[in-house]
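Read through the structures below before going on.
Same chain, two partners: chain A is paired with chain B first, then with chain C.
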Partner chain A sequence: MVLSTELLGIRNALAEKREIKAKKAAANGKAKFPNPAFFRAKDNIDWKAQGKNLMEVVGICTEMFKEADHKAFWKLQAERCKDDLNRCILEFKQATQMSPEELKDVFLNGEKTLGKLYRKGDMATVRREWKGAVDTAYDFKEWLKMWGMLLMTFSKDLVPALNSALYYRWMISYFCCVGFMDKNTFGQKGSALRMSHLMIYDIFRYVAENLVFLAKCDKKNGNSVLNKKVVLFDEMTMGQIMAGFPDLVGIPYQLMPVFLVSEIDQLTCIPYIDAVESFGLPADTCPVPSSECGALVIDALPHMGSCFISSSMPCDGSVMASEYMSRRFPDLPVYHLTFPVRYEYEETTQDAVEDIKGCIKFVEEITGAKWNWDAYFKQMKRFNEETAYELQKWEVNKTDYPQIIGPCYELFRKWNYEMDGGADPRTMRTFEKVNDIMMKAYERREEAWRGKMKYRGIVWSCPAHYYANFSNWLANCWGIDILVEMESLNFTKVLETEDKEEALMDLARLYERMVMRRHTNGGYHNVVDELWRQVEDWRAEIIIMYQNVACKNMATLQGILDDQCRDKNYHMIWIEHDLMDPRTVSRKNMRGKVNEYMRTVMRAEPIDPTLEEFDDETAM
Partner chain B sequence: MKDLKHMIYFENLLDNADNELVEQAKKDGKFIMGYTCYHIPEVLLNVDNCVSVRLRAPRTGSIDISTYYMSNYVCEFARALLERAIEGGFQFLDGLAAVDACSMMNRFYEHFSILKCNEKDHFFLPILDVPYKTEDFSYRHMQRQLETRLLAAMHENLGVDISDAAIRKAVAEHNEVCKVMQEISEMRKADNPVITGYEFHVLNLVTYTCPKYLILPYLKETLEELKKRKPDKQLPRARVGIVGSEIDDPEFTKMIEAAGARVVFDRHCFGSIPGREVIELTDDEDALPQIVRHYMNTSECARYIADNKVHQRRETADRLAKEFKADGIIYEQMKYCDFWGFERALVSHIMADEYGWPILSIDRLYNARGSGQLRTRFQAFVESLEIKKIQKGGKK
Partner chain C sequence: MKYYGGCDVGSTYTKAVILDENGKMVADTTIKSKINSEASAKLAMDEVLGKVGLKSSKELAYLIGTGYGRNKVPFADENISEISCHAMGVHVTDPSVKAIIDIGGQDVKGIAVDTDGTVKNFAMNDKCAAGTGRFYEAMARSFEMTLPEFSKLSLTAKNVIPITAQCTVFAESEVITLVGENKPMDEIAAGIQMAVAKRCFVMAKKAGATDSITLTGGCAKNDGLKDAIEHVLKLKVINLKTDPQLMGALGAAEFARQKGQAK
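And now, the complex of A and B:
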């Protein structure tokens, strides 16, 4: 049953009017981003299918309810209530034992120990962090603002999104994205807190808008007319190529169902990985392509899009994942964008340009859209400006008074470089605001992590998705402040915005130097020699060397890294992880590596001893 | 069957990378060019006074030192080669033609340079970038890489003649070997073949690891011997083909045959398909672009991502299984190989479900000859193929 009432007719007429209005605004240079008409594109929802699915979900819930051990559940709730009460009493007692000065300090500057906020078996902290009166109020305001934005965005086309929540388990994890915000700002105060909130807000606005588009275009939802305008690309492929197609929507396909959600909820990818390993994929492959393929195996990805751009980036595993994509959705035309691995060989750049031209032609043929140089140059000019702001951040962080550190910045940099790429004009405003706050904080010589600035750190290799806020813990527990991470240090050349051929050459160079690929491809010197250069440049005292156990590009260099690090007498802490599978190396084990090194080699004491040992195996 | 006259000699040649024929070539004033991968056109390493040797690490024991450098979650072939290189086993090379095709082999080449595993002054190690597709610009890309990175380096470092005439001469010699090997390969199609999979594997490997001009007389003699050879009276219990990643150890094939099967085709790296096809050259175009097209079109490497190549790999496996009258296909991969790991997992299902072939899907270590687990799986597969045959006969 398709909704084909008069109501829909009215709605379509309104949508047409809005589209005409949006086109006029675009002609006057006042286009809104994303195009409001995309949200209002007609939804062809098959209500009968939705009803059937709803009944299935209700059936599953009923079964779960019947099979649940209610006695044990209520017993646990009672225990937790008792525990909460005891904690409140304890905290009250501790407050009464404090001197007036101490109490005033806690009231104004926040609590000093954060480990007590974790409880074994819980998915979230027992309560919100007290950051001091002003910062807690600000933090709460931002929490409300985030909720407001999420609700407003989803309300633009609520029904498809709600339907999707009944189809995909990963959609449920997004209900906790404000919790993700909290954990990434854990321990932050003052200017650092404000900058983090600004940046993470932009990421989640992008996520919310794209979740709506995913839901609208999914065949399970009836496949909105918007679908014809959607070009999917592999999540590991940069989005800048879509700058020349302003009338289309480019969506990094697996970003929301796999990549990002694994950072929000550490347990999300486990069913994907298990499914694809049961299918026959060896367990030693990188969890990113494994999870992508696993999501296809258990049908966790929406069936959508006019075409798909796959890529050979950044590693061998990613290359092969596209074969699974073609297998699952044989009706989806695919273009394989494959850039030279030895990207520093200048003679290969022209071949990369040929590939980009082929890709543009493919999108034009499939969608009927025409490549628009003006739109492309406009976006790249904005991207160049954003890169200039980024370089400013690096300059500040290289000083004795680094200002912008923590997971929100790390995520923002990657998102802006890979996904946004200057597409959203609203991001520019964020850059301006962040820069303003950062420069003022620098002038005041503020401490980015108040009272916790002990060691200058640099992160190398890819971080664990399931512990996206590890740098946050490093600062809170040991005072190791991560000034920059490898994945942020990418292509910063000003991109050509006038000459068309040169612009394509620059675009190729940009793609070839995407996150991870910039370092792990093209020769060992890009990741080994480059590390020593960056350590000198940022005056880092500690190297946090991640070791994704399935990353062959990095694993094959561990001996050389060790040898040269010893020669140079740097402090390097190897931290194993399995990227998206916390069962192999848990968060606790990751922390244990640092604890051990800091105590035995550095002979240091933690700033916050309560964070040295705590249980967060099930925490999101 | 009666033993082949030169079989023990061939086996002995495979015991060392630097075998007696390679030593003989050095004495003859030849330069030895090493390579590992089909992405490098073998024939170009045989121009003028060069001879190619496809690198293996026979009799590999401990790989502890290379594991220190490359970790233990990495392709054992790459690690075994590095271990051998660190031990000094590749000092005989004058050059090593490398490709950045897979990350682990790429790191082997890089370590070869970093750790200075060859001390010759003129030794050179160019690393080529290779395409993922077979578009027009991909062929040009490959040709440019070969011209600027490989042939130019051979000319500069070794003074090799890299003219079109020299390349054509190398192709002619290469084709002679291929013709002999193809004739031998065809014998595997017989209902009761006069050659075992193991024997063919040994013969094929010596063509990769020995100078062509020195091994050719032995091959020709073996061909004549095979023409007169009488097969065993008893037919093999099952005929199987192998598809997948690198196998340079004929003992692996022997283990399959010890389980009662006969390996009738070898569609794997270091196998004869691709690798021993005659290169057809025309006179209206330079040899190099034709060679590039030959190698890229015949390549069955899982690294090729484009749809036409993905389809080609499945069709080739199906075609070979039909031509060589196989009862089943063994899909294998070197453990930790990403390309074949993904390919094997998916395609083993496709070949079974859509093409209807009984499939055994395995991953294995480089040094797999002693694996009891694999032996059991081969035995079970042969039994299942036999049961299928019986059931099929019953239906008739």
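And now, the complex of A and C:
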């Protein structure tokens, strides 16, 4: 299978457009986004409250120091040092026992077994992966670049950022985002590695800027001026509606404290879940709203914003979190978006449009800002262009030479569709660069995951947050390459950018087909029939079927999916998980399901046997 | 004569089988599992080796470990999952069987078998004790009976009192309540068998059972369950001519024979 001529045409047109844009940008000087003034503003910091908090933190640290078993601590450190030394000696010995050809291969192309990098009880790998001389150098450069960006962003507003870091424990987990970058690029080399780095950098730039923003807006830090310009969204609500309010900033409120951080560190949400369960919530509730509510219970969410847009998306779980939210912050006006469930019926679209109009009116009334059609159309034009790039990625991945696979791509797609939505012009540059690398790699017929491309796979249903890089393990261990996942297959129609009424209809259609909702709402055919259509389209042999044990929605279709899968002769591997709580189904258990299926039914041998059994219970 | 061994370390029972070069089962044993899987494996192997006059497992041409504690059989040449071993064990016993329900001590599995004895598909319930050997143990305990007595009792029932709870803990409470209400014991027992059969139905469907199945694992000896499965699944239950509890160990031994002879 090769790329269609139609798509090659799109590619050329995009390249031309890019050139014109580059010339224009050069002529006008480089535009900055977002408005840097936002990132420098700080006023009304409640220093007394901050001082009190600082004293409390010092008190906790002192208590921890006093109560710590120092003898056991230093004994463990000594053991770790000894273990590290032994590992270095062993690796040196192994290197000396290699033939010159083998040594050259490892030096140039990287190490072949990755399971040895995990150690029981550790939060990070024992060392970074050796990817081969060139790729390791590139990887290190990106590692430095990420640290540089983080430090630069935080140093712009160091005081509120430090205040918040001392107050919110989840913020500390973001210091591990370079580790997150490593685990998501594990085993990747060449073009695939470069594309992953470009995409993950954009996500973390967005995260870093918004973290600082959250810190500044938090009423504990007292930025009253800034707060008037902030509209909060629940984390499942898309931000595109804010395109029409260029003077306001829309923030997916729970994204940073709950949603994303649980992908960085698998253990982050446990205190939230425990807190809300001790508050009376049943233990079998979906961990996403549980964590969000728990975060409110232990005061882990900043008090900020002028109003809150909640939704019933993708399911009623969001409604539950909104109710806790209104109890915790009664001063925050809330607008609730409730789009029709059976969205495929076109007659329901008008209801969704009315809901959007109501939301716009609500924001206007609360903030005093006015909806700006020009700004909206400008952003949506950019979003359309990004969607065109996305479609090209899909076309490439449908061929015999898929190029863009792995968790970074999955995250980038979801982030771009759900959070960014054409808002940040810098993202366009990333799309362009990734597209260039992807197309060149495709033309060279490169193997995206060198030596690890045995099976074409597709993911259905929602993945576990605490194992965001599961697809990375699938490729590294068994050679199962995930070409696309259900949550990426959203609305791809070009959005209207001229007719206002039609534009609202398109915006409604877009929201109705948001991440996850696209295939969990709208009727049976969106889950079941659509799966078979996609499997055929992407020519997948293996379906990784996630099953969130706390969600009864997909469970109702399990028997039907099994029956039809058997008839169609595909391999479907059911992977149970508990979204944000690794205590219910651990990462090891998730891997065990695949190991069992691959060995028993596929009668396959792992590509990297060291990754079949390893301990990452505490690893981020 | 060369001998080949299979050792199935289950959560409740440990089974061991020895085959000769022609695949004939020359020795077998079933012992209650100890808390230490390695000790269970050693005990079972010592017993079965003694039956063929061997002193140590090193004298076997090939030995395969399987079951819940398969990683704790240090003297085995290889480990293979119990799903594959049950399929192979059943296949060598009766090649006509295409689907298996394996009810072990702490899980239930549905296995679809291919024409060569390999696994076509499987489904398992390993997160909950409902419908497992542990479930039966808890129910028999609340009846103050042994498992065979409990099974016999259920077959005498003319009616069935449905047990609504699937959870072992709640089901036990429900049974105690029903007994306290002086409901007929045989009808309650039949209700329990029906509840497990329904659980098996899900597994069998998931694995793709069509017209007939066979039962393996310790619970396969429960005639009341067989009866309930035939009633619920509307599938013929094929009786195996070899002890169904030995299927995992037998399959492991057969794999050992194939691998040993191919060496």
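Just so we're on the same page, the second predicted complex is superposed on the first by the 587 of 620 C-alpha atoms of A that agree within 3 Å, B and C clash if a C-alpha of one lies under 4 Å from a C-alpha of the other, contacts with A are read in each partner's own complex, and residues count from 1 in each chain.
By definition in this document, a residue touches a chain if its C-beta (ideal position, glycine included) is under 8 Å from a C-beta of that chain, and two chains touch if they have at least 3 such contacts.
Since the structure is predicted, the reported quantities are computational estimates derived from the model, not experimental observations.
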Exercise. Check the residue A:C293 against both partner chains and state whether it touches chain B (first), chain C (second), both, or neither.
Key: first
Quiz item: By residue count, is chain A touched more by chain B or by chain C?
Solution: B
Quiz item: With the two structures laid over each other on chain A, which partner does A:Y324 touch: chain B (first), chain C (second), both, or neither?
Solution: first
Self-check item: Which of chain B and chain C A:L281 touches, first, second, both or neither
Solution: first
Quiz item: When the two structures are overlaid on chain A, which partner does A:E576 contact: first (chain B), second (chain C), both, or neither?
Solution: second
Quiz item: Touch check for A:G559: first (chain B), second (chain C), both, or neither?
Solution: both
Quiz item: Touching A:P609 in the superposition: chain B (first), chain C (second), both, neither?
Solution: neither
Practice problem: Using the superposition on chain A described above, determine whether A:E596 touches chain B (first), chain C (second), both, or neither. | Solution: second
Quiz prompt | Residues on chain A lying within both footprints (that of chain B and that of chain C) | solution = 549, 558-559
Self-check item: chain A-facing residues of chain B, complex
Solution: 68-71, 73-75, 78, 100, 102-104, 106-107, 110-111, 114, 127-129, 131-133, 135, 137-138, 140-141, 144-145, 148-149, 302-303, 305-307, 310, 333, 335-336, 338-339, 341-346, 348-350, 361, 363
Self-check item: Of all residues in chain A, those that touch chain C in their complex
Solution: 549, 558-559, 562-563, 566, 574, 576, 585, 596-597, 599-601, 603
Quiz prompt | For the chain A and chain B complex, residues of the former touching the latter | solution = 276, 279-282, 284-286, 289, 293, 310, 312, 315-317, 319-324, 326-327, 334, 336, 338, 340-342, 345, 347-348, 351, 354-355, 358, 520, 523-524, 549-550, 552-553, 555-560
Practice problem: Would you tell me which residues of chain C are touching chain A in their complex? | Solution: 81, 83-84, 118-123, 127, 202, 205-206, 208
